[in-house]
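Worksheet: one structure, shown below.
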């Protein structure tokens, strides 16, 4: 590990590795495309070979050798244990209560880990029209727990969302349970600066982990509310050489297979 | 009973102005050729339905075919925004676009309810989301046994559903495999249906329990090899990720978009013509975005 | 996660007195071996669920395993009555059997609702039938959009579902093909599940979009070749129509039934033992019914 | 045909042939096991090669070479265009409104072609417990029209049923439409003596066809109400030699394939 500490890695890489580490082996994971898919597949290729990856397009137990660029890439189908129709995914598998972890991206989150992917500005006259809900509202409510991964900035981490697309902890405290929403909701928000977790009582997102080389002031500056810092703040373990190699190989294979630059392997459903 | 017919004739006879039309496909098997033909024939006032409106709906919206969009995720998958969709919603160009917005779970269940001839779909959904505040078609019903509150949304029952599939036999029975999405439900929920296929074969060679749409459930089957491009057909073609990336700058400006559509779609006779003109311009496009 | 284990251990650990148990199979793949094992282990007070209770439920009811039956068609397919079922309903022998009676459409939808974690199933059903008069679990709800009245019945959520399938791989993933019935839904609707299989293989060789139950959705996978007999497993065995016919006279009298069950089921160790004793008596049985 | 008129045929054979003739080519038919299945397959093997046979166990477009003894025989699966799950059959295909003809058997019918397959005597203390509803209630209400085939006797043709399992024309007249039941309901009841059809106005079953050699008195004696006779009563055309041969060959193939006597090829689901 002392060796690995001298490695260079990007902020996106440590975000991906940190997110990946949260996935335990054998977990059944409903995977959003983009960063969640990268992190989930990295977990599968490293410490969690038996993680079960389910994509909303239908593959169950997908084991892609390269990253899918869309939620319905052929490699997902060819490597899966089975491919069912999209209605069945949402009915028997997600609503059926079979998902341990929902792994989501987001355009914006608020201090209670509610998610906006719908609009910036008023719904009827939006400043920016975002893609919309996709699978997230029901993933956020029906998976046993939810991990959210997105880059941290004041525009993305806002005190109050213009639109709640998918429920996190609503107004905090026991609001989620009172609303009759099953599942623990978001238990971790993994960013390029650190890891935020809901306070056990208030459910307000609190900085519990910080990536090496990042200062608390940097994280606070990238957050649109007065971010609370856990008294037990931990510094994220740096990615080891093996994991970094696995991640970079995965990206290289993906770029080669899809015949495009890595930049395209970003986010989005479809 | 499915008629095996050219795509132009199928669109001419089966898609009318003002229809509710679903072109479905989940990344895989998106019926781009059929979307182009609807644009070429100048259909107007359509209510477009699709879980994941992507490039083909961006084109149809930008060309003024759509009065309304019923959807759950509208973006350029792996790239970013749909600029024509955003321009319609944000600026009302080329005209106002009404939207009815759901989650994927809602849309998928609405297709199932449509195929099942039920007036509404029942799901555990939308809890804690603001979507019910902006969509009056998301309502709630009570379980007559437990008293639980469940979401209810109207069935999707398109006038016409259009899909692309791998193959049909000479009677018009269609086989789909791989990522299935909601295509079967979308076809069975619709009054009429058009299926473009990669090829017509003597024998489907369908495995047991395969997803087969019998000929008698379809209106028209149209051979259009590569008709899903830039989407793909498993076993036949790969997704052209370069085109998805190339689309972003084309669609950013109204003028570039119009010029591109004129040259590649309106001025071509059919999808084969589109592919020929596109091949000519693709090298240049690729250079520009590189 | 599925444990690959002998059937005896699976039944001992997963099926408890008083459980709601569904043994499903639609003519094809009926889990007779598992039914016998439940009888051998003397389970009592079960609520048995099954669309088409046939010989195995006749045996379980006659042996006193069942307190209640939820069903939609109870007969000896192709032959006639289930005499033990009738004796229980008509005469209360060996004890009173509570029944909850539906149509096939109702039951199939109730399994779907169970697999979907919905509290009730919604269908256009039971219109004009007297069934709602005798089954308080058939209710009606109103569509919040059209005002139409639709039938509602409670989901089926068994404590344990038991099915037979063609094969499993060494991790416990299960492949079913041919007539699928409601088995997948019955497994996904249940808290626990037991799947007996014809064989365990290295690779399922499942076609795309096949009906596969992943190992992590199952509690136990038990190799029991021929475990569906006298039902069949496509690709492995044929239905033994002679046995269905032979069952009729055996089940007509309480004494003959008890003696037969003692000799063939209670006094045998397992399904292989049952098949050996049955082979010995089959020639005689066949002569008697000829 | 003059040749055929001299043929011997049984009452069951002419019932089967008469029922078979009602199925038009290209019809999508939801088939009950037993007599309906025999008649439907005879139609497919003779005048209606493109009839589409759907069985509730899942086969769509089944083309069995021998008669199935149960609703889920393997031959149905192997010869079908596709085999779907039973829930899909009832949801997308029957309830979806895709069935032209529902072809049913019955234990009892009443004068308005309502069907009983549940109990003789009171429901809570039945004299005879019959198998129950199976698929019939929704087939009877959702198929565009319904054919019923059963042998005629005073016990089977009763003025009033002890239990209505599946709706025919309810109390007659426009009762069915008023109850909001789609589909035309039973349009023909084919028996071993003749064919009964609902009166266009009252919907009471009326004798419209009589098999050769049968007298009107015989039919009346086999009916538990005062059976009306159509002024336009037609004598059933005798089965031609070709059709009879096809039927007998089908039974012979069935007996050989299943290794049993023909008697077993009776009725019943399962």
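To keep things simple, chains are lettered A, B, C and D as they appear, and every chain counts its residues starting from 1.
In this text, a contact is a pair of C-beta atoms (placed from the backbone, for glycine too) under 8 Å apart; a residue touches a chain by one contact, two chains touch by 3 or more.
Source: prediction; values computed, not measured.
The chains in contact with subunit A and with subunit B alike are C. Fewest steps needed to get from subunit A to subunit D, stepping only to touching chains, is 2. Averaged C-alpha coordinates put the centre of subunit A at 42 Å from the centre of subunit C. Between the Cα centres of subunit C and subunit D there is a gap of 28 Å.
Taken residue by residue, subunit A touches two or more other chains at 77, 83-84, 91, 95, whereas all remaining positions touch fewer. Shared interface positions of subunit B, i.e. residues touching 2 or more other chains, are given as 112, 117-118, 123-124, 148, 178, 180, 185, 208-211. Chain pairs that touch one another: A-B, A-C, B-C, B-D, C-D. On subunit B, the positions that touch subunit C within their shared complex are 117-120, 122-124, 137, 139-146, 148, 150, 152, 154, 177-178, 180, 207-211.
Of all residues in subunit D, only 26, 28, 52, 60-61, 77, 81-84, 91-92, 95-98 touch subunit B in the complex they form. Touching subunit A in their complex are the following residues of subunit B: 26-28, 51-52, 54, 71-82, 85-86, 89-90, 101-105, 108-109, 111-112, 123-131, 134, 148-149, 178-182, 184-185, 211, 232, 234, 238-239, 241-242, 244-245. Considering their complex, residues 33-34, 56-59, 69-74, 76-78, 83-87, 89-91, 94-95, 114, 118, 123-124, 126-129, 131-138, 140-142, 163-167, 170, 176, 179-181, 258-260, 264-270 of subunit A touch subunit B. Subunit C meets subunit A in the complex at residues 1, 112, 115-118, 173, 185, 188, 206, 208-212, 214, 216-217.
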